């Protein structure tokens, strides 16, 4: 329970400096990437920058391998998000509606892929797929991503179900609407923003993911995999900075929007 | 027609449960649990060195290989790194968490928490990459060190066999910095939550009873913040244990668990060993989670 | 199709079990066409469960429920010609008032123009004309309740169910709504089934009522019957205040030691040397406590044999000083022998 301490409590200068220092430590590295997109230096990361140039943005735009990696990342993220939306909503509905044996276990099961280190999920999937002689492809990537995206949607939708007035569903059926009509007219409008927020989080999660992807991909390169290859064998330093900047924006935006949506809907909900 | 389906479902609630729960449960059970099970099974096979083929017989041989000195070294190296990262993150996180919980006005608090979580919203991989930039030989940190005439000190650090390397960007020291950086928000938030729960009146009472600020800090605040530290440490410890991106990007030939697993299952094709090695972190994580729950860490999550 | 002599609702040996718990235990009930029927009882007595089973949100573990002769026990709510006004109103927050009210018509496929027209008529009926375009969050509790009523009535159900609808309202508003509900029911002419734990409400509004206790229906009758002739000590105690007398003391008064009840307002205080009238019973006692309540005074009288009786008398001629001075006085209590009610323990 937050207490208003703005009156009469002042932190010592030491504490304030430490806090500011920590914040800077958190944020400056990202700004440095932005800075380095402007360096004309093609081979090293020399500081101070020898000059300022915007050429690398153009170069990146003309790279077909980057476009292809971006496309694959997007396709994977979209399909994984769709799967997560469906599976997550179904699971949330089941858990919300009925009491059944093993109910708490469902939440635990769904959170495992995120709770256990990515390498565990990755190698487990790879072992199983290899053992079944399933070729590694776009689809194996999607299957892997779906496992950890489901829980994000599930949590969002379940929380929204719990906030909803249960009697609305009964009222709708009482007034003559069958289950499907009730879902369409009453349930869906209520959970729509939760689906949106959950979906965006799932998208960001999938787009950024590299560990599980490395294990489940065949020849495919997603954008994170491309960046990862640059980490270990740098060949395209300045372009990598541009790509990195782009990825930051593309993962930051959906999460930010999802947060805004969740905050907004908890304010304007018709709470009784 | 839909109405009739709906009525049928109404009269058979168990069927509805099956339809709702079925798809997600089957998917997770088959894909995820199935894979984990396959991993577990594989850890009981072994790789025949001569033929390079996996022998599918139950054996504990592969687990036995884990006790070879090279592997034990890998485990301890990784565990020490994880512990060190946990400690340093706790130290760094505390001032900020303390400030946010106890000194920030409600408006400032909201902004500060957003400021702490924003890095988490920006791709993990990119944040690791950022440090390749910073730690590069000619990079910004280097320039800074030059400025402060600390090159000698850095080179001396790098000369150590166990933690040093050819450059900051390729050494356990570098890895240490990056790990600490990456997981920091995961430590700040639980500590902040735990400190929020400490009523101001406790602190005032302590001062009232004659304790100096430093004493209050040590005897009242730190113990109450401890569950938050434990909660945060779950993340820092487990994430470090299982990570292979950072070791691969910034490490050298001294392997960490993640790298070892990656390389064993890759070119070496030694899936049983990779599986057995993975079991290590999994077991540690489960034990850690149980202990942490006992210590009240889950209240701070 | 609706026969005046066919009961609107009939329960045939209905039970609802939740594992070990018997929420409703072998209930038999008949509710007549066109009556305002209340189901009264303490929390957990089964009255709400019965209502939900009539509506279709719950299904009996055993037994059958008939709606005008048709067995609806297994039908989902949307196939029963029954509508409900919920305790928390359950208005759809994302729809306007007009869309809320017209919802039942919308799902049946009625045209927009037609259903909006009927919605406006309903708004007039519940005295909220012009509120159509507002949202539920903009309305007060009492207004939302009326919208919930309109939303239910627009479908012209055979039976309207009301689940403690007035519980959230303050006293004045509640009394106002009681009158309004009653008048709407009489105007619309359909059967109302009203669940409440407030016995005064039930007594005020009902044509007939059923008293529930621990899953069983313990008495069904008109308010007067229930009040004057409670069938059990529980009913005597739950509905209005009552005095229960049994054993030795009962024998002294009536000649038999069967338990009986007598309402406080039926007892009359007099001096100890007053003669009992014809057909009157009496007993002596001492006034232990006096509470002056303006309109009337409540006395606690300890009678011979040790029991306490509550007596209520209007302050027709007495002032507060008079009555408060009565504390400690010896008195004789008189009442008409027909006013006692044997409850048979």
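Per-chain numbering from 1; labels A, B and C assigned in written order.
The rule we apply is simple: contacts are C-beta pairs under 8 Å (C-beta built on N, C-alpha and C of every residue); 3 or more make two chains touch, one makes a residue touch a chain.
Here the structure is a predicted model, which is why all the values come from computation and not from measurement.
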- Item | Chain pair with the greatest number of C-beta contact pairs | A-B
- Query: Chain with the smallest distance from its CA centroid to the overall CA centroid?
  - Reply: A
- How many angstrom between the C-alpha centroids of chain C and chain A? 55
- Query: Hey, how far is the Cα centre of chain B from the one of chain C, in Å?
  - Reply: 62
- Message: Between chain A and chain B, what distance separates the C-alpha centroids? Give it in angstrom.
- Response: 18
- Multi-chain contacts in chain A, i.e. residues touching at least two other chains, fall at 178, 181
- Query: Residues of chain C touching 2+ other chains?
  - Reply: 76, 78
- Two or more other chains in contact with one residue: find those residues in chain B. 3, 6-7, 10
- chain C residues touching chain A - in the complex, by the definition given at the top: 55-57, 76-78, 82-84, 86-94, 103-104, 106-108, 135-137, 144, 151-152, 155
- Item | Complex contacts: residues of chain A adjacent to chain C | 165, 167-168, 170-178, 181, 185-186, 189-190, 269-272
- The residues of chain A that touch chain B in their complex are 1-6, 9-12, 15-16, 18-19, 22-23, 25-27, 29-30, 32-33, 36, 44-48, 86-88, 90-91, 93-94, 97-98, 100, 106, 109-110, 112-113, 116-121, 123-131, 143, 146-147, 150, 154, 178-181, 204, 208, 210-211, 214-215, 224, 227-228, 230-232, 234, 240-241, 244, 247-248, 251-252, 255-256
- Counting only contacts in the complex, chain B reaches chain A at residues 2-3, 5-7, 9-10, 13, 16-17, 20-21, 23-25, 27-29, 31-36, 38-39, 42, 92-93, 95-96, 98-100, 102-106, 108-109, 112, 115-116, 118-119, 121-134, 136-140, 142-143, 181, 184-185, 188, 196-197, 199-200, 213, 238-239, 241-245, 248-249, 258, 261-262, 265, 271, 274-275, 278, 281-282, 285
- Message: Taking the touch rule as given, give the residues of chain B at its contact with chain C in the complex, in rising order.
- Response: 3, 6-7, 10-11
